[in-house]
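Please find the structures below.
What follows is chain A paired twice: with chain B in the first complex and chain C in the second.
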Partner chain A sequence: MSNVAIVSGEIPPPRHDTFLAAVRKGYFATPGAAAVTSVCLALIALAVWTVFRWAVLDAVWSSGGPDMCQQATGACWAVIAARWRLIFFGLYPYDEQWRSALACAAILATVVVSCFPFSWSAKRLPLVWIAGYGVFYGLMRGGFLGLPTVLETQWGGLSLTLFVFSTVVVTGMPIAVCLALLRRSRLPVIARTVAVLIDGIRSLPLVAILFTAAIIIPYALPHFLVGDKLYRVIAGFSLFFAVYQAEIIRGGMQALPAGQEEAAHALGLNYWQTMSRIVLPQAFRHALPPTINQVVITFMETSLIVIIGFFEVMASGNAAFSTAEWSATYVEVYVFVAAIYFAFTFTLSRYGAYLERRLNVARH
Partner chain B sequence: MFAVLRNRKHRDIGLQVLFIGVIVAILASAVIITRRNLDAQGIAVGWDFLNYATGWTISFSLIPYDINSSYARALAVGFLNTLLLAALTLFLATILGGAIGTARLSAHRLLSKIALVYVQFFRNIPLILQAFFWYSVFTHLPNARNAYNLGELAYFSNRGFYLPGLNIERGAIGLAVLTAVALLIVGYGVRRFAVLRRNDGLVKLAGFVILVVAVAGVLSSGRIAETPLFDLPVQRGLRIAGGLELAPEFCAAVIAISLFGASYIAEIVRAGLLAVSRGKVEAGLALGLTGSQIFWKIRLPLAIRIMLPTLTNQYVWLVKATSIGIAIGFSDFFMVVANSINHSGQTLSLIFILIAGFWAINFSLAAVLNAVNRAIALRGQNVR
Partner chain C sequence: MNVKALTTAALLAGTAAIVPMAAYAAAGDTLKTVQARGELNCTSGDGNFQGFFEIDDKGKWHGIDIDYCRAVGIAIFGSDEKVKLIPISWAQRFPSLQSGDLDLVIKATGWTMSRDTELGVQFSTPYFLGATQFMVHKELNAGSVKDLDGGTICTAGGTSTERLIADYIKANDYDIKLVSFEKNTEASAAYFANRCDSFAEWGPVLAARRASAPNPDEHAILPDVLAMEPEAAAMRQGDDAWVDLVNWVIAVGRIAEENGITSKNIDEQKANPKSATVAKLLGVTPGIGNRLGLSDDWAYNVIKVIGNAEEIYDRNVGKDSPYKLERGMNAPWQKGGVFVPPILD
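Then we have the complex of A and B:
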């Protein structure tokens, strides 16, 4: 049949490898490849079996206490059953922890809603965030409708992580836009100064900036401006996020053809109109994949506030196994905390990859 | 008055003067307020404190240090620790990241999947969590008496790793590393001369011999007398003596940052290899080169040129990441500065030193890599 097809000038249909052929090509193409496959498979099998035996077969589940764990050779998930409230809510008052859980759900819902394309407009996105943020803050802080007030110093665990993360992103984004615009300013002195500022902050470690915000800034500010330590640290963090994000937005602006800006001028739009209607919307579109990447990194970096002494999810994880009875269960707790982070960052980065594909399709 | 402002040029100048004025005012008021606050606490702002004894210990130090040493020396210890940690992690992360990034593109499906799992796993978990994890693992190893041992050569206990070392003074080892780097730079420069190019193989051999002889010479000058060359760790009752002792916090920092950094570098390497145009590889095939020749002589050299700018940013980022050492108690530059601030109260001077130190490391690293980038860049179009 295939001979006929060639003679008649038709293009033969593409050949798909059968499953077995694909396996042979991908895994056993040469004797060397076959050897690599067998060795890797053996190692993977060993690793999977070891982990499975540790995590499932020999593990002590919720019913067991610390005594049972000491005899077991596997994982001690009882520590999670006993301490999960500490990891999620920190030192938040026990009776009010449902508020903390609801607040987390609200902020997560905000993130999910802002991931859908219909909320990507200059009006809807800020609205969604202000609403979600208001719900979060109201629930956490309380003080109305009979909800007792819970001060920020008592916030902890996952809710503190989410609070720091969302505040940093929400306040850092406008600062980033300002810095990006200033760095591209027509006025050389302003552009240079902002460039030095951005590069200077970018070459410092985040830990150093958080430390400065927590410990040093109170010395350098007049008394009425000092404020709470948590908010100073968030301010420092936002600035750090903003300088990175400013460079990403600037990259997006540089990817635009110069004709866009010139056309806007030719139509008689002024600077603000040009920027807010023409340049920035397109720049954000170009900069979306690296922006998501930066947001993912920022989420992971919130864990650094543990160094300044805040009780976020990393620190409460450390506290969960710091008592004598649970001291041997550090692997279980770290696996659990890592799983929380992984769930967030992996989902976000997959979403980023999906957006990138979507935008690439739109461009062609 | 308004006529002046209506002129765009005048308005621009006015705006810029105002901008600079505001920034200078903010900085000046911050410095003045800080000085006043420190004065109120009886702390004299200045640099005299650098000569005072610190009174606290540092657990890991490349140069001699004790509680009577000065603040200046403590800061130098921290700075050297950060340099050592940075150099070691950049090296390990590059090797591992290069291997994994290449494996991601392997025709062997299983290898590329393993590499993918590695990358997704390590880059989606915060670095500080990984550092805490390794630190906990290393401090929960058996005690010295029951330490894991590797053929009596190396021991792994909860007090640290004990590896075979050399009975050579540290100064000489540092000097040997510097010699090697200097000779490599000179060698690279000298290779440009046409006379030497004609006998490239011979010149390379000669260069290698000179390098080995020079390094061996420097090292032998630093031999500690009356000891064997190799210093092996020995189990003695409740402790392990001799050998190269590496504290758990140092090992945890090195391993955590290297594994984490490798996952990012792997993605950069992958992107760089993918950006090499298919035609170059096909040209190699047409010339009858083997797969490994094509990889080492065509794909990798072109890919390195493509990825170097991204890699530079990643290296700067990794150097900054060494500051998580403070979380697990490794005395890096940042931790020493933070300790100094707590003990001496010299906030202004020490923050200045901290910023200057990180700027010095990062800007020189970026400058060196940018110079390399310019030196190896291919001239002409269509060189990918």
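Then we have the complex of A and C:
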């Protein structure tokens, strides 16, 4: 190819291999490569076929019930048909579960709305969340307009998972920013104290924090301060989230050249202006990948609240298959719950990728 | 049990320092507290424990433990609508009892000395005896554990069951290989896939697994019993009247069974009591109520709604349930079991 170019004295047009040619060159260049490729393809095909046969061809769908499943060789999706309401709503009273579904939708809508750049202002964002939580709480808890009261101990399933997750992130994020700023304070007393606080909480396991919030706090606080177990646990969880996130944000700040802050001072901006207009926006841009990471991990970790007796979606899934009729169908239920988690975390990470693209566009 | 037991141990060790201080603060007249609150706070689970507490398609709890919670509620309030079944993890049950979040723990809880003495917990009379047993493939024709010599046993690792079996095999000098799995679902799956000759677990769990096996008739539960655990209700130390009440709620189910009273025939029996005991039990002659601070028809209400001890057993784990667990030692002494109710005089 290069010889041709030299001979003719012209630069040849860039050559794009056709798809087939590219495949041949990339995967079947030598007999050895061809063999490896064929074997891998065969293995992948076998795996896909096995899963497909299990999940679709040999599967028992809705009707039939547990008896048919005992004979079937494939998946028993009948368990999902019979128990999906338990997985989605946990112990929430059966006749009121539409409220839980609506509340779930309200939280989701709030998250979606606040993900659009349109809502990113100090006025709009809190408004969106207060409205979202108001609707959620009203629907879930009830006690007005003829809706029977449903106590927090009966909340469960996906709406509980989403509620805990979004509250932890929404309350944890501002705390994290405060902690990060305090840790960079020029007053050593404040910086050191906050550093000890952050490192102290980070060295405790989350389960221990949740357990303490649920069980030990009632002993330590006067009764009127105790509140419901759910909110204590969420408070403990957001503190845990906040200390990790604070370090992520601090990392983002330290990635900034010192000249940025100095230039801001030279322009006569005060501390708050420097932080809110110069430092934090850039710090967040640097900290975006680990932040998305932390948020995804937090979503996964919500399943830990089962340790203090909450029926979030994972625990509800466990309850869905562990009865006499369905106890052989745990794989199906786990696959279903995994699909729910996947839908949420995959959306989150795609959103993270979108944010990165957007912020990069803004930079160039 | 396995992971849960470890977490429990770790967390309890952590809370142990704090719990005893508060233990007595929360004690007192539990019955009055419950009546004033208008609700009985009893345990349910953070998941299912088959036959003891499990959730149906409509999110309602069922099981032996749930029935006893309801029975206590009915004894106090006359109906089970005021029983609040609070989802509680294994690790959380005793701390929540001490903190006053719970009035009563009925959650497949074994009566052990450390719980009884060190945790500030008082146990009721046992309402269930749980045995650790073996399930085998019927085609092996094994009549007892001895016949498994040279074979394999699947079980969940890190549990008390695993230790019990290891001790049992060693003590009897059998050549049996123990295959441990992380969870008992994995262990039972391995057993059903013919990876092992037998599967060892708590009897009710074995029965539950057998019920959901592809061919339940191909599996037998061996009569050998490795260990017997008495399950009892747990209450805060220091409220004897409350313990009495719970004991008598458990007792009336057994007394009713002895006298042939069921939830179906109770009204005939009440109209025509055949003995002084029955008359007292059903509140025809006074006495059963005010000794416990309840109304005289409390036992009638309990049996009418929940049934006698046999009905509770059969409905949840016995012949009317999917588990079909033999009653064995859980029967009263007249039927070959070990239970003897106290005397109602």
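Keep this in mind: the second predicted complex is superposed on the first by the 313 of 364 C-alpha atoms of A that agree within 3 Å, B and C clash if a C-alpha of one lies under 4 Å from a C-alpha of the other, contacts with A are read in each partner's own complex, and residues count from 1 in each chain.
Criterion: a residue touches a chain if its C-beta (ideal position, glycine included) is under 8 Å from a C-beta of that chain, and two chains touch if they have at least 3 such contacts.
These figures come from a predicted structure and were not determined experimentally.
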- Message: Let's test your reading of the overlay: on chain A, do chain B and chain C clash or fit side by side?
- Response: clash
- Item | Which superposed partner A:Ile307 touches (first chain B, second chain C, both, neither) | both
- Message: With both complexes overlaid on chain A, does A:Val207 touch chain B (first), chain C (second), both or neither?
- Response: both
- Message: Applying the document's definition of touch, where does A:Gly134 land relative to chain B and chain C: first, second, both, or neither?
- Response: neither
- Contacts of A:Pro281 with chain B and chain C, given as first, second, both or neither: neither
- Message: Once chain A of both complexes is superposed, is A:Phe346 in touch with chain B (first), chain C (second), both, or neither?
- Response: first
- Is A:Pro148 touching the first partner chain B, the second partner chain C, both, or neither of them? neither
- After superposition on the shared chain, which partner residues are touched by A:Tyr330: those of chain B (first), chain C (second), both, or neither? both
- Among the partners chain B and chain C, which is in contact with a greater number of residues of chain A? B
- Could you look at A:Ile216 and tell me whether it touches chain B, chain C, both or neither (first, second, both, neither)? both
- Query: Taking the superposition as given, does A:Pro174 touch the first partner, chain B, the second, chain C, both, or neither?
  - Reply: neither
- Query: Which residues would you name on chain A as touching chain B in one complex and chain C in the other?
  - Reply: 207-208, 211, 215-216, 219, 306-307, 318, 328, 330
- Which residues, counting only chain A, touch chain C once they are in their complex? 66, 70-71, 82-83, 85-86, 89-94, 153, 207-208, 211, 214-216, 218-219, 229, 306-311, 315, 318-319, 322-328, 330
- The chain A residues in contact with chain B across the complex are 26-27, 29, 33, 36-37, 40-41, 44, 186-190, 193, 200, 203-208, 211-212, 215-216, 219-222, 296, 300-301, 303-304, 306-307, 314, 317-318, 328, 330-331, 334, 337-338, 341-342, 345-346, 349
- So, in the complex, the side of chain C touching chain A is made of residues 7, 11, 14-15, 18-19, 21-22, 45-48, 50-51, 54-60, 84, 86-89, 91-92, 95-96, 99, 101, 185, 208-209, 211-215, 321-323
- chain B to chain A touching residues, read off their complex: 12, 15-16, 19-20, 23, 30-31, 33-34, 37-38, 107-111, 114, 120-121, 124-129, 132-133, 136-137, 140, 316, 320-324, 326-327, 334, 338, 341, 347, 351, 354-355, 358-359, 362-363
